[in-house]
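First chain A sits with chain B, and in the next complex the same chain sits with chain C.
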Partner chain A sequence: MTLSKKKTRIVSIALIALLFGFLAIVDNFLGSYNVRILSLCAINIILAIGLNIIYGFTGMFSLGHAGFMAIGAYVATLLTMSPATKTANFFMVPIEPWLLNIQLPFPVSLLIAGFVAALFAVLIGLPILKLGDDYLGIATLGFAEIIRVIINNLPSITNGSMGIKNLPDVTNIYIIYAIAVLTVFFAYRLSNNSYGRALKAIRENEIAAEASGINILKHKVLAFSIGAFFAGIGGALLVFWSNTIDPKMFTLTATFQVLTYVVAGGLGNITGSVVLAFTFTFLMEWMRFIEGPMNLGFITVHGVPGMRMLLFSVMLLVIILKFGKGVFGDYEFSINGIINFFKNLKKKSTKKGGSKNA
Partner chain B sequence: MPDSTSVLQLNSLTIQFGGLVAVDNLSLNVEKNDIFGLIGPNGAGKTTVFNMITQHYTPTAGEVVFNGENINGTRPDLVVKKGIARTFQNIRLFTKLSVKDNVLAAMHMDLGMNWLPAILRLPPYPNKEKEMSKRADELLEKIGLLEFSNEPSGSLPYGLQRRLEITRALATNPTLVLLDEPAAGMNPQEVVELTNFIRKMRTDFDVTVLLIEHHMSLVMKLCEKIAVLNYGVKIAEGSPLGGGRRCSKLIICILNTVEFTLLKELVLKCQNVKL
Partner chain C sequence: MTLEIFLQNLSNGIAYGSLYALIAIGYTMVYGILRLINFAHSNIFLTGAYLAFVLYAAFKGNWILAYGLSIALTACLGVLTDKIAYKPIRNAPRISALISAIAVSFIIENLLLIIFGGRPLAFPKISLLNKIYNVGGISIPSINIAIILVSGIILIVLMLILYKTKTGLAMRALSSDFDTARLMAMDVDKIVSITFAIGSAIAAVGGIMYASKFPQIHPYLAAMPGIKAFIAAVVGGIGNVQGAFIGGLTLGLIEILFVALFPSLSGYRDAIAFIVLIIILLYKPTGIMGKSGRVKV
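Right, the complex of A and B next:
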C-alpha cells in the first residue's frame, strides 16, 4: 500500500516540523557544544549532496570541491563583514578600497557566494568536463589547489595565509538546517526528474546517452555547477560556523572528507549522503574520548592523539569491503517504503492467521 | 539530386585516420522504408560508416544527406533529434537504470523545458512527465517489455537487452534506425525472432532501417538491398533475392567474411542471376 501524494506531503512536512522541534530542544537544553556539532553535521550534509550531484548522479569524478567551498566562503565573508572588522583584520596589507565598504545582508551574500562558485564551475567546466574519470579528477584537483594558492597570495583581498577572524555571528542551527533540508529536497527532486535521468544516463554510458539525444556537455556543466553552488553555500556556512576563515581549511583533506561521505553512503544515493555525513561528523567528535587517557582496570593507557583517525579509517575499510556499493546501495528512504517495511513485519508476525488482504 | 523518397544519401564519403583510409569514396542511397544491409568482413569500416552518419566522426570528404539536408558537422545529439537513432555493436544500456528509465532518458530531449522550472516541477512539467510516462509504457507494451519496466536493465537476459536498446532508439521518434549487428551473440531461434521483430518494427513505427550484420540468414531474409564493404571500399550493391548486380563479387567477399555453411544458401539464391 502507498499513501496518496497529499498524505505523503503532509507526513513529510510533519517530519520536518519534528526535526525543527528536536533542534529547538537541543538548542535550549543541551548546550552549545552539541548545537555546534549538530550544525556541522548539517553543513556536511549540504557539502555531501553537492558532491553527490557531481560524482554520484553524473559520474564526474571531481576532486575540486574544496576549491568551490573556498570561493563560496571568501565571497560570503567579504560581502557580509562590516568595514570596521575588515580594517581590523587587514592590518598587514590594507584591503582593496572597493571591497571595504560593501556590506550585504547575510542571505544575499550567501546566495551570491553560491552563484559565484557555480559561475567558476561553468568557466572551468566547459574546457575540462570533456575529460574522463581520473583525468577529470586530476584537473579538478589542480583547480582546487590553484584557488587555494591564489587565495594565499592575494593579501589585499583575502588577507592571505593569515585568514580572517571575528566573522559576524549570522548563522544559527535553524538557518543551517533549513538550508540543508532545502538542499536535500532539491536533490530529491532532481533525482526523480527528467533531468536527473539524463544525468544518470550520462553516468551509465556517455556514448549511448549522446546517441539518445542528450546534450552531454550541457548536462555535465549543469550538474557540475549545481554541485558547485551547494559547495559554495556549504563552504560559506562552514566559515561562519567556525567564525574564522583560513586557506588551510580548503586543502585536499576537505574534499576527501566530503568524498568519504558520498562514497560510503552509496554513489547517487541521497539517503546515504545524508546519513553518512551525519554519523561520520558525529562520530569524529564523539570518538575524541579515545584519545584521552583511559583506565582499563589492569592497565592505564595514555591518550594517543590521532587515534580516532586510525579507528575511523578502519571503519571506512570495513564499510568499503562489506558494502561494495556503499552502506545504502540502491535503497532510498521514502515514507511509503517505511510504511511497507512495517506492514511486512506485521504480516510476518501474523502469518499464522492467513492472508487477510491480498 | 536527392530522390524524393531517399531518406539517407551518402555522397562519396571518405574518412582518414592518419594515413589509413578507413572508408573510401562511399556512396549509398537508402530509400524510405527500406531495410538496407551493410555487410563485409571485420574491419571493413562498417561501424565507421555508422559513426559518420551519426556525426560521431567527421568525414574527411563527402557528405551525409538526410531527408534532403546535408547534416555534416551537426552535433551528434542534434542528429538524433533530426531523426537518426542507432544501437551499438556491444550493447550500451544504462544498466543501473530501470527498463522504463532507459526509454524515458531517450525522451528527455523532447522535454523542451529549462532545467530549473523542470526540477522544481513547475507547470507544465507534471503534465509532460505524465505524457512521457504514458508514451514509454505504450512503447514498452508494443515491444513486449512492459512486464520488466521496473527491473534494472542490466539484469535482463541478453536477447531482451538487445530489444531494449532498439526500443530506446525508437523512443527518440526516428525516421531512420541504424542497427549495428543486432543479432550478434544470438542463437538461431533468437535470430528468427529478431528477424520478425525488425520487420514488424518497420511497419509499426514507419521507419527505414540500415543494419550491419554478419548473420547471413538474417541479412538474406530481411534486407531488400545489400551493400558490401571491403577495406573501406564498396565492392558490390544489390538485392539478395535475384536481380542483384555483381553478385559474383558479393559471393567472393562473403567467402572472406561469414559462416561458410550459409554460403550455400546464398549461392542458391544467386543462381537465377547472370553472373
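Right, the complex of A and C next:
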C-alpha cells in the first residue's frame, strides 16, 4: 500500500515541523553546547550530501571536497564581514581595497559562495572529469591542495596562514537545519528525476550510458558543480559556526571525514549519508570527555589527546569490514516504506522485501 | 645562478627525489597488485622513523642494530595492516579498502600521538650521516650521499627481485592480471604479504633517512612527504617500480630548482608537485612510464 502524493507531502511537512519543534526545545532548554554539536551535525550532513551527489550518484571519485569548502568559506566570509573587522584582522598585510568595503547580507553572500565554488567546479571539471576513477581522485586531491597553498600565499585577500577571526554571528541552529533539510530534499528529488537517473546510468556504465544518448561530459560537470555548490555552502556554514577560519581546516583530513560518512552510509544512499554524518559527528563530539581528565575513584587519569580519533578510526574500520556496501546499502528511508513495514508486521506476511522501498 | 649553486641545488634535488622515490615504491607496488591507494603507507613510513628513534635509545646508540630492527618491524607492521584491514575485504568494492586504509592511517597517526605526544622529538644524529664534504666549492652533506647511494642500491636489489626470482615473477603476473594469475594456482596472499613487507621495509629506510636529514619527528609529519611520494608514483606511472624512481627524481628536482630559481615564490613550493601532477594527468594520464590501456566494452 502506498499513500497518495498529497498525504505523503503532509506527513513530510509534519515530520519537518516535528524536527524544528525538537530543535526549539534543544535551543531553549539544553544549553549552547548541545546546540553547537547539533548544528555541526547538520553542516556535515550538507557536506556529505554534496559529496554523495558527486561520488555516490555519478561515481566520480573526488578527493577535492575540502578545496570547494575552502572556496565557499572564504567567499562567504569576505562578503559578509564588516570593513572594521576586516581591517582588524588584516593587520600584517592590508586587505585589497576593493574587498574592504564590500558587505552583503548573509543569505546573499552564502548563495554567492556556493555559486563561486560551483563555478570553480565547472572550470576544473571540464578538463579533468574525463579522467578515470582513481586518477580523477588524485587530480581533485591535487586541486584541493593547490587551493590551500594559494590561500596560504595570498595574505592580501585571505590573510594567509593566520586565518580570519571574529566572524560575524549570522547563523543559528534553525538556519543551518533549514539549509540541511533543503539539501536533503534537493538530493532526494534529483535522485528520482531524469537527471538523477542519467547520473546513475553514468555511474553504472559510462559507455552504455553514452550509447543511450546521455551527454556524459555535460552530466558529469553538472553533478560535479552541484556537489561543489553544497560543499561551498557547507564550508561557509562551518566557518561561521566556528567563528574563525584557519586554512588548516581544509586539509585532506576534512575530505576524508566527509568521504567516510558517504561510504560508511552506503554510496548513493541519501539516508546513509544523513544518518552516518549525524551519528559520527555526534559521537566525535560526545567522546570529548575521553580526552579530558577522568577520576576513576582510586586514580585520576590525565586526558590523552588522540584517544577520540583513535576510537573513531577503529569504529570506522569495524564498520567497513562488517558492511562492505555501507551500513544502509540500498535501503532508503521513505514514509511509505515505514508504513508498509508496520503493515507487514501486522499481517505477519512471509513476503520478503515489503519494507524495502528504495 | 652560478654553476656551484646550481650543482648544489642539483645534489639536494636528487637527494629529495630519492627520498620521495623510496616512499613511492610502497605505494606503487601495492597499487600495482591490489589497485588500492594505500593511504596508510605514509604513516608506516613515519612509524619506521619512530621505531628507529626508540630502538636507538634502547640499544644505547648501536645504530646498525636499531635501524635494522626498525626496518624489520616496520615490514611486519605493513603485513599486519594488510592482514587486518585489507585482506578481509579483498572482494568488496574497491572504495571499502580505501576507507579501510584511511582508517588505518588515522589509527597509526593517533597511536603515535598517544604514545609519543604531539611535541617534536629530536631524532638522533649519527656521526656518519652528519658530515659535510666540500667538493670543488660545493658542500654536500653526507646524508645526501647516503640517501642517493642507499636508494640506488635498493633500486638494483628490487629490480633483481622483480625480474630474477620466482616471487618477482608472481608479483608481475598479479600486477598485470590479478584474476588470471590467481587461476594459475599461486599463493596470492603470500605474494601480497611479501609486497607489503618489501614496500614497508623500504618506506622505513626512507623514514630513517628523512628523519636523519630533518632531525625532528612528530606524529603529523607524514602527511606531506607521503602525499608527494604518492604523486611521484603517479607521475612516474603507478604500478611501475622504475617509474616510481623517475617520478620521485623528477618531482624532487623540479621542486628544488623552482625554489632556487624563484625564491620569492618559495611559498608555492608545495603546490608545484600538484601542478606537475595535474599537467601529467591531463597529457599522459598513465604517467611517464605507464602503459596506456584501452577500455573494453
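Heads up, the rule we're going with is that the second predicted complex is superposed on the first by the 336 of 358 C-alpha atoms of A that agree within 3 Å, B and C clash if a C-alpha of one lies under 4 Å from a C-alpha of the other, contacts with A are read in each partner's own complex, and residues count from 1 in each chain.
Everything that follows uses one rule, which is that a contact is a pair of C-beta atoms (placed from the backbone, for glycine too) under 8 Å apart; a residue touches a chain by one contact, two chains touch by 3 or more.
The structure displayed is predicted, hence computed values, not measured ones.
Undergrad: Please tell me, clash or fit, for chain B and chain C sharing chain A in the overlay.
TA: Once chain A is superposed (C-alpha atoms), there is room for both chain B and chain C without a clash.
Undergrad: Touch test for A:134: chain B only (first), chain C only (second), both, or neither?
TA: The second partner, chain C, only.
Undergrad: Looking at the overlay, does A:186 come into contact with chain B only (first), chain C only (second), both, or neither?
TA: first
Undergrad: If you stack the two complexes on chain A, which partner ends up touching A:207: first (chain B), second (chain C), both, or neither?
TA: Both: A:207 reaches chain B and chain C.
Undergrad: Just checking: does A:166 make contact with chain B only, chain C only, both, or neither of them? Give me first, second, both or neither.
TA: In the superposed model, A:166 contacts neither chain B nor chain C.
Undergrad: Which partner, chain B or chain C, touches the larger number of chain A residues?
TA: C
Undergrad: Could you look at A:340 and tell me whether it touches chain B, chain C, both or neither (first, second, both, neither)?
TA: neither
Undergrad: Once the two complexes are overlaid, how big is the angle at chain A between chain B and chain C (Cα centres, nearest 10°)?
TA: It works out to roughly 80 degrees.
Undergrad: Which holds for A:216: it touches chain B only (first), chain C only (second), both, or neither?
TA: Once the two structures are laid over each other on A, A:216 reaches chain B alone.
Undergrad: Now for A:197: first (chain B), second (chain C), both, or neither, which partner does it touch?
TA: first
Undergrad: In the superposed model, how near does chain B get to chain C, counting Cα atoms only, in Å?
TA: Once the two complexes are overlaid, chain B and chain C approach no closer than 6 Å between C-alpha atoms.
Undergrad: Hey, what residues of chain A end up touching chain B and chain C alike?
TA: Shared contact residues on chain A: 207.
Undergrad: Flag every residue of chain A that touches chain B in the complex, lowest number first.
TA: These residues of chain A touch chain B: 186, 189-190, 193-198, 200-201, 204-205, 207-216, 222, 330.
Undergrad: Touching residues of chain C toward chain A in the complex: what are they?
TA: Residue positions touching the partner: 35, 37, 39, 85, 88-89, 92-93, 95-96, 98-100, 102-104, 106-107, 109-111, 113-114, 118, 219, 223, 227, 230-231, 234, 267-268, 270-271, 274-275, 277-278, 281-282, 285, 295, 297.
Undergrad: Would you tell me which residues of chain B are touching chain A in their complex?
TA: Going by the criterion above, the answer is residues 54, 56, 75-77, 80-81, 85-86, 88, 92-97, 101-102, 104-109, 111, 115, 118-121, 128-129, 132, 168-169, 171-172.
Undergrad: Which of the residues in chain A come into contact with chain C in the complex?
TA: Residues of chain A touching chain C: 61, 127-128, 131-132, 134-135, 137-139, 141-143, 145-146, 149-150, 152-153, 207, 251-252, 256, 259-260, 263-264, 267, 304-307, 309-310, 312-314, 316-317, 320-321, 324-325.
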